[in-house]
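Worksheet: the structure to be examined is printed underneath.
Naming follows writing order (A, B, C and D), and every chain is counted from residue 1.
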């Protein structure tokens, strides 16, 4: 039985991780922490856990954590994670980190987008990017997984087959995404106040969203040469899930048959990526760890539609998938 | 042309008032004020007013207001209104006040529910309760209208015919209401954060909601004897509108025919109250100043369903209706 | 491993049953049926099952069902169920029936509310009412469970302690409920068309809802004497979940402390009923098999708030709970 | 006073037209028609009109229409409009047609996309395309306005300045749009059933949407040379409004300053198009006839965001704007 600590249990990804672990046959939550002002009984922070999770949420005590957990899910904000991760690793605890602190290999890019100095470049070098469908082997060998961002997960599962195959031009890719509001976290803000967000839809992060360099880094790694992506996110009036509509210019002749067979081959044996032959919908994956992807050829352009649940495949579900890999468990465990 | 100032223009009822006044043939907005930290161009506070309302929102300047407006819509919170209303009246400006400060005639009840000392009991005594369908004559004669709460408007339009007629017992009335979220105002809170409120519904204010004594006061006035009301509000996942389901025990034999004719008679000539013969829906009145009310007799109980838009008939629309009365205009002007 | 057939797999409760069974350690879906025109691959009917459930949905073949399943979840409409249940039982298959056909013990009441002749009164007499918290012993002994309606489940879990204790008058109970739209099933209708239902809320089934006699029957059984309930449902703009607000007149002095201790005692050891000390919210139970119930005393009235997910505790989750009981499994299995 | 008939009053655009005309100072609804099976009192078809519109909805009688109306708003489906328009024009009634029958000047393209033979090419040649910001002069001179589709309105107001100026390449324009559900009309369908559409988002009409050739025709007309547009619509979980995110490759150096000044110049004096300097939101224009448009330069690409209410500027509001032009009224009348 894998013993799991959750650091940052009072937020949405912490709660989603607990939901999944409650159904996991070979893992269990043993320790929950949060900022001191957000501590208390888990079932008071999220009443849905009444009778299901009796653990208290406590201020982080590293010794206690190390004694009670084999792995820590670090559901912390950017910049905060790297203050804790080195000690966790030293204490022999494996870490799956939800922040961006160990995702961007180029420290300069990290520091530019996250406006801070990176303080743990040693571990950054060792971290595996936790998108199992693309980097499973690296994940198997690491103690530190950088759990991917939701948009990069959704976008890269759409783009990877095209880039690996060299089928599309790499300087004019457009990723147009719409995300549910849970991606913005639990703190109330004017932009996500119900009477504002309800019946609304709007773009944000125009030209500056932090997932853009993350997408470009992974795209470049998959393509083997520099890839440039124009990523434009929007927020929509729903809680969970996201859709990416990806537009690419093909280098050569393409047709739907070839696209479908390329994607089917690429994702053969991948349980959590389903290649569809019709348009997917956000609801098809809500509450699941699945990505539904549909590539098609329209008016000279390759268009790929990709949907995931931002809190599951885009965060906590993928983290548990990574955890299963780290501990040699069946990869789908707890995620059925 | 009636010149209208809006005090508290940066909130939802302020914006709704402007929306209505933009379509009003005989009134126009001339002056907008808000707390200093909420001032700026109206079209930046609410981008929907781009090109429609060029007025700035300024800190309140009483002299300027008195020079530019015939009437002030006071869209201020409870307790704050009574700090401004006396001066406005002294300056010769008519006032329609959206707060509760001039609604509860019993100062003790006010002070108990609003946890403050009432500082303007002189004007309190003179204020008319601005529910035109019940108190039009008083409104015609006043300079200070206490614009009713949304729940009291919705509930009293359902209850008034029964109470005036003496048809139901007055010690066991239950008002079960569900309101849209805009009623909670513009400030983001955990309870109204989109990912929490979306797909949700919950009771609040159990036994302590401030509209309960207001409903009881008006009910008592209409009945001519003390009325006791158990009022239970709930918040639902929609922006605007509310539904009250009212349960009363009849004193004597009742049937649907008698109920419908009672309501039809009571509201004859009332443009904004429509007596229905089937169940109303919140959407039937969204964005309008109408109340749809449907009385029926079920298993020995009189059940009355009543719907309004909380921001229109429950706030700004009713205020403009009152303004029309104050200035001798056609009562429906701007509210078609 | 319990083998489960689902009859009526193409509807919402069929899909929800599969979702739960996919996570069940000791049961698995072996056979799916639907009306001929609704058959096909499960993952085409509900794309969320892509890669998760490869079973086809076939027209019902009783022999095949009997050979492949130990229990049938009958997700059929009223009147249709009783055409199949007798044969299923004769074939040695246990049945959990989602329709009302085996719920109402009084055939006359059934025939009045469901406008049809009951054709299987023999099995009706033997069926257990599948609300485990109240009738676990009967369920343990039966082969035919009448899975309760969603409103009766939500309402009776709120009412049972009061009725068992004889604490409230039994001729004036009011149950005001708001349900999510999934309760209306999968077929598109004008009332549940998105642009109509969105931002809407309305009462329906006024005085005639079929769950009213069901609530009264169970209430009467629990109280040991006739109980009369005025049940008023409403539909609200959310997918899953429901809230009942129950109003009762106490026979004697009551206070919050006594209410809470009564409910705590009554539901001691009941995993799926959580007695709360503050207002529950629909979202607290969405996607779970839990009921959160909060009894309180307000202005002389006992008010009980109760929330469930209509598709889980109100349908498929409760069915799996009943299945677990029928087969001697841990009652919470698959429902964590 | 302009007298207005509405043909197809039982649908969403019919109702929206009435809503606007109820507030119009110089026009009034005089005659409402619908298919025989959809006739009845307007206030029973849409209860929101109780007390506001007493007109019956009748089967179309051309003589009666010609006698009672100066203009007909033809809110009919494609293919049906062209059966009525010739007679209306012959009877001396001006026509504003909401269908696509008079929008596509190339009959072959029309017949390919609408799968029917065009039966009124004579009037097709005379019809003006009713996007006043681009074709006001033609509208002033016609008796037949082809009211534009919602997506073409939203997209072309975003694209027109770029195309007129020749600033972008015309063979690689991408228009990614998300629309509210009211665009799909009033008939309930599986795709727009509340429990399906709620919390959902999905692409549709991939490569085949009928607004694609309409956008290309107008774009080509504005640019003065052939324009190719990849238009991809999506449906989102909201009632009204739409957002287009338009991606274009610039021919030459561009920057934000130049883009903003280009748009400001192009739309100078246009009341209903507001050029923004920050991201617009769908809610900023809900219920209004405005288009908010924001052009910006991101990573080598010109990105333009454009929002309208699909039922107002995208249909009925624009129709009234056109009507105002046809009759020489102030263009904003009824649309404040």
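Keep this in mind: a contact is a pair of C-beta atoms (placed from the backbone, for glycine too) under 8 Å apart; a residue touches a chain by one contact, two chains touch by 3 or more.
Bear in mind that the values here come from a model prediction, so they are computed numbers and not experimental data.
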item	value
Pair with more cross-chain C-beta pairs in contact, given B-C and A-B	B-C
Identity of the chain that, by mean CA position, is farthest from chain D	C
Euclidean distance of C-alpha centroids - chain A vs chain B, Å	46
Chain centre separation (chain B, chain C; CA means) in Å	39
Multi-partner residues of chain D (at least 2 other chains)	180, 198-199, 237-239, 280-281, 283, 286
Of chain B, residues touching chain A in the complex	12, 180-182, 184, 186-190, 192-195, 197-199, 237-239
Contact footprint of chain A on chain D as seen in their complex	172, 174, 176, 178, 180, 196, 198-204, 206-207, 228, 230, 232, 234, 236-241, 243, 245, 247, 249, 279-283, 286, 296, 298-301, 303, 305
Of chain A, residues touching chain C in the complex	22-23, 25, 47-48, 50-52, 198-199, 271-272, 274, 276, 280-281, 283-288, 290, 292, 336
